[in-house]
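Below is one structure, written out as structure tokens; the observations come after it.
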Amino acid sequence: MQLHDLTWPAVEAYLQRSGGVIIPIGSTEQHGPSGVIGTDAMVADAIARETGRRADLLVAPLFSIGVAEHHMAFPGTLSLRPSTLIALLLDTLHSLAHHGFRRFFFINGHGGNIATLKAAFSEIHAGQRGQGGDRALGCALVNWYEVADVVRLRKQYYADREGRHATPSEIAVIQYLRPDLIHDQPLPPPGPLRSEVQGADDFRAKYPDGRMGGWSDLANPQQGQALFEAAVRGLVRQVPAFFSS
Amino acid sequence: MQLHDLTWPAVEAYLQRSGGVIIPIGSTEQHGPSGVIGTDAMVADAIARETGRRADLLVAPLFSIGVAEHHMAFPGTLSLRPSTLIALLLDTLHSLAHHGFRRFFFINGHGGNIATLKAAFSEIHAGQRGQGGDRALGCALVNWYEVADVVRLRKQYYADREGRHATPSEIAVIQYLRPDLIHDQPLPPPGPLRSEVQGADDFRAKYPDGRMGGWSDLANPQQGQALFEAAVRGLVRQVPAFFSS
Amino acid sequence: MQLHDLTWPAVEAYLQRSGGVIIPIGSTEQHGPSGVIGTDAMVADAIARETGRRADLLVAPLFSIGVAEHHMAFPGTLSLRPSTLIALLLDTLHSLAHHGFRRFFFINGHGGNIATLKAAFSEIHAGQRGQGGDRALGCALVNWYEVADVVRLRKQYYADREGRHATPSEIAVIQYLRPDLIHDQPLPPPGPLRSEVQGADDFRAKYPDGRMGGWSDLANPQQGQALFEAAVRGLVRQVPAFFSS
Amino acid sequence: MQLHDLTWPAVEAYLQRSGGVIIPIGSTEQHGPSGVIGTDAMVADAIARETGRRADLLVAPLFSIGVAEHHMAFPGTLSLRPSTLIALLLDTLHSLAHHGFRRFFFINGHGGNIATLKAAFSEIHAGQRGQGGDRALGCALVNWYEVADVVRLRKQYYADREGRHATPSEIAVIQYLRPDLIHDQPLPPPGPLRSEVQGADDFRAKYPDGRMGGWSDLANPQQGQALFEAAVRGLVRQVPAFFSS
Amino acid sequence: MQLHDLTWPAVEAYLQRSGGVIIPIGSTEQHGPSGVIGTDAMVADAIARETGRRADLLVAPLFSIGVAEHHMAFPGTLSLRPSTLIALLLDTLHSLAHHGFRRFFFINGHGGNIATLKAAFSEIHAGQRGQGGDRALGCALVNWYEVADVVRLRKQYYADREGRHATPSEIAVIQYLRPDLIHDQPLPPPGPLRSEVQGADDFRAKYPDGRMGGWSDLANPQQGQALFEAAVRGLVRQVPAFFSS
Amino acid sequence: MQLHDLTWPAVEAYLQRSGGVIIPIGSTEQHGPSGVIGTDAMVADAIARETGRRADLLVAPLFSIGVAEHHMAFPGTLSLRPSTLIALLLDTLHSLAHHGFRRFFFINGHGGNIATLKAAFSEIHAGQRGQGGDRALGCALVNWYEVADVVRLRKQYYADREGRHATPSEIAVIQYLRPDLIHDQPLPPPGPLRSEVQGADDFRAKYPDGRMGGWSDLANPQQGQALFEAAVRGLVRQVPAFFSS
């Protein structure tokens, strides 16, 4: 159930039965020579939508731009300063809280967002300090690629060729969701993983085609479907438990 | 051509032929008893996508939350403070400018965003002060419902029953785009337009069901299609002219 | 009645009969080769003072610097970032509201301020969300040059030679208010109006002497007096109605 | 020479002979039962204007609202947060510096502004770090009531009845500048000076009519004129020396 | 080598041989009924000082307050909003970078700081975008309790009684560093670990004495010494490698 | 009594008898060729600790970085923007106030912090406006070098060779506190005091070795001890009086 598809009386009715909302957040950033720039955003959004559909829970509109500073040396990447993303999240959660929502479950598609999401949760809680435990706003964050069954499949399919960026698993999910975006030419092996990256220029110097150890061309749509299903199945269990906590 | 659907080498190639990008911006806000909350966002996004497709120009991901303070007394509405939206736009445009983009054409679906967009343009230009005229970043803003042929059709179809919010024209475009979202029960006439609204509570006191004079139930999908086509046709002329200015 | 001319017990007494205050806002910016830099500020201030005097209503001190980024390539122009002006307006209105003022009527002399004023109103209203309609702070904005009778006179006197900046109408009001500032040498015709301006350097490239289509030298003090009177007469009707709304 | 009274070509000409500008800053705050709310602003502005006139130097428009938190329990007082005033000053000085101004001489009428002005100077200098000494922007601050000859007269006229707020010296200058604002009824003696004030409510508890030890009713316009002349004479010496430093 | 103990010519000399600086960061927060509020700060500071001493590298002054929102329901805890800590870190790193420092190694004592430190690193890198890879500022972060040998000892000493807050390992290091602060009364077993905490009130409801599963009273100074040594030994290897990267 | 050395139940107990806390604040900045960079921080911290010990009052952790923009042309200096320091102070005082603290006594070691501390106090008070006088948060600020007996000794020992920065008095206190940091080579006389400094580059141009008129090499540890004792004795009287005000 998409917030965008409801009328306001329908939202009012929903609030009678649940104070929870699912919020997808991704990124708009390079994903190597064959992965599309919307990968993180499209995957998080699709998983959130399907989770909401199966669990009959509300899904907010996608946050499609995240903190992607490391990828800014590749054209097409967009990046927010963490302080901007914090402000954006605070305004959104305050709006939802004004209507009576109390539980916010973020489904995240981009590791670079995690620190900023946690900082935003801290600011939300600081604003509520001393107002009593059971009225507290609750925030949860799950990275779709860390759902237990997804982790298992990623290992099974790709082992150490999964890498850290432009991974075959995320490429596979896109291939499943958007067959029109399949780039199926073979790629050279990605270079080795390197020490900690320091900013955008250093990233590109270390990973010239944008892949961090991910053998993107191992992906196929069947694996993508299995990964997607594993993520949704895991989340359909976790989200309602959190909403009733 | 959606930015999200491209790889980074494809964006690099695009920049060889154009420095322009289309950016849709909407709002997540109540649209009366029969209009869905995503109306402004979905319409702006669909028009931007189709304009980009026909003109073969790049389209950025949708900004789906805008400044909708007046609508905050209705559940489901989300609203950003203008200062947050300014920060969000600046980070986005600075990211694009870093890659070499120079022309930003916003297709807007919500009147409440206009002031903040203009303020953001002013901040963008302040940051460039003294760097020379021909390198200047250029920003344009068109509200889809003010494209000349759209204005003509809105008058022809609805005359003074168009109103100012939850208008039959925007409802009609949604009916065309998303037949599954048609709420076709008849509605009582909306109340009269009132003097200037002062904040969310005052809005709801003056417009209890969320419509500002709009006879939403006059909408039909055929009119929606005509309005959509009129908007896209107008924009397909305007955008390339702006990008080559 | 100027706030600056009252003692605090006199303000306390005023609050017994009215919760409204008039606030003039202008700009400090170039006005072409013959118009003075304080034009927008001085005109807004004089009209506000006279309106307050005739209607026996309180007038706040002038905001003399606005958002004038487009004019920054001409020496003497001062410009605030929109976020700075928003902060300045919020602190001022919160101060006034702390004392019990509830209605703020801005008399504006500069088009470039409008977007930022509207953004500030939105932030004011966001801060009041859920506190009840009849306690709401109310903000109104009138551009003196758009008072109905002023518009009529501007057309009658200058027709399409009025232009958009350094207009003969504003120059005329200054000539009426400050005969010592009359520059009465003839000027060459201003160049034609151009497409949308993108920042300060682009403005100066398109309008090298600072006038945007305004034949400043058509101004005379008699017309200035008539324009001034028309503005004040219109406002003396509008302001009290708003204060009692 | 008022910036507001010049055209932009006149400012351009001025910059050929001087990079300095005088900036008056006051406050909008209660001044006891007989002093007007604009006292600090009107005095600083008048002294700055006359200094500029005699020294043939440029004077910027008045900053009429300052940091007056302590006075906020008296109706009519306006107060900016220090961070707002810092932003306002930075935008203004950056605008002036963009045109080539290099020396900024603030004539201040309100003790509560000093800390914030110094903080703003520090932020200005931080922004210039490492750009070389002789191009550095220079900021000076003089409180008119601390000009040497003014201090002497204040002691001679009022001795320990001068007090700290709503002082007879500032009231006297207003009486000289604005005879129409003379409140000449006798007042009871002000209460004694108290320990450090902690916020607005504490101020009003300690100083119920707003005077901090100032016997406002000792003021007369002749003293006001002498004080005004002493301030201007002192500044006419200091300002040009600073501008050529 | 403490920055605070050097003269500026000594810093200048140090910069001839290294561009790296060690920065300790802790927190000021409750550590259960027997742990002191300065635990995280004192441990991080002592480990950083000793690491700097042995490796002959520069150590900056301690950041003693962190993001500790979850602990705010216990008296004595201090907490910064993430946006404040980001600003503090940026100003500090920009100061160091102005002098020529290029590598910043944070030794952290508090898990709640990690997200904000990473967000700050992202803002630092955003500010450097496009300035070239080898000049890039480099930031590293190590939590002392995650140094490999420390992890091993924590398991060996306390196994699953280590818990997550007010852990015996951190208490032990304090006992080693500050024998005067040993609280050696036995404590009741801590309650079980609970689901995700939502803000300060929820934390105290779930963990009434402040311990999150940590059997603080298992600590002893000998273990504290061994943990401290393990941390320092590990860091003495890591830091120089990072500085020369 | 150091906050860092207490458990949270001990802080809870302290709040039963006092709502006051002492807060040391210094700076990390050059102190000439023989003074160490931590001078202001170490002196303020030591005086605060000893004052707290003798008066049995709580002492917060040191703020070791201040506003030191003028000193930024000397390596090792760290400087916060005033707006950053304001945010840091506000978060800290709000944390303390949340626990019930009501009186904050800052012991300051650096003149450059004064303006920003006062600005922060003003922001604190603005946030409390209208909440009643006796609940008001109270802030006091004493510069240790301005305690009456310290002023007397500084004149007696050094007369006009005290200067304004890298003064023999502060160097002497460091020599007393940290004999290991004594640099006892003789120095050439410092240059003369110059007109107002404008930023870091101008400071270094005017004071090439960092001393502003201070004959640092006149210092000795015995004088340092006497100065330290004078400061502590004065503060042991002032602080409790303020806490019970």
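Labels for the chains are A, B, C, D, E and F, by order of writing; each one numbers its residues from 1.
Please note the rule applied: a residue touches a chain if its C-beta (ideal position, glycine included) is under 8 Å from a C-beta of that chain, and two chains touch if they have at least 3 such contacts.
Just so it is clear, the structure is predicted and the values come from calculations on it, not from any experiment.
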Homomeric contact chain A-chain B: same or different residue positions, threshold half: same
Quick check: more C-beta contact pairs in E-F or B-C? E-F
Chain centres from averaged Cα atoms put chain C and chain D apart, in whole Å, by 25
Indicate the whole-number Å distance between the mean C-alpha point of chain D and the mean C-alpha point of chain F. 29
Go ahead and note the Å separation of the Cα centroids belonging to chain B and chain E. 47
Could you check chain F for residues that touch two or more other chains and list them? 72, 79, 81, 83, 98, 129-130
What pattern do the touching chains form: line, ring, star, complete or other? ring
Could you list all chains around the ring, opening with chain A and heading toward chain E first? A, E, F, D, C, B
Quick one: which bits of chain B touch chain A in the complex? Just the residue numbers, please. 2-12, 15, 28, 30-38, 41-42, 60-62, 64-65, 72, 74-81, 83-84, 87-88, 90-92, 95-96, 98-100, 178, 181, 183, 210
In the complex with chain D, residue positions of chain F that touch it: 67, 69-70, 72-73, 79, 81-83, 86, 112, 114-116, 118-120, 122-126, 128-133, 136-140, 195-196, 198-202, 204-205, 245
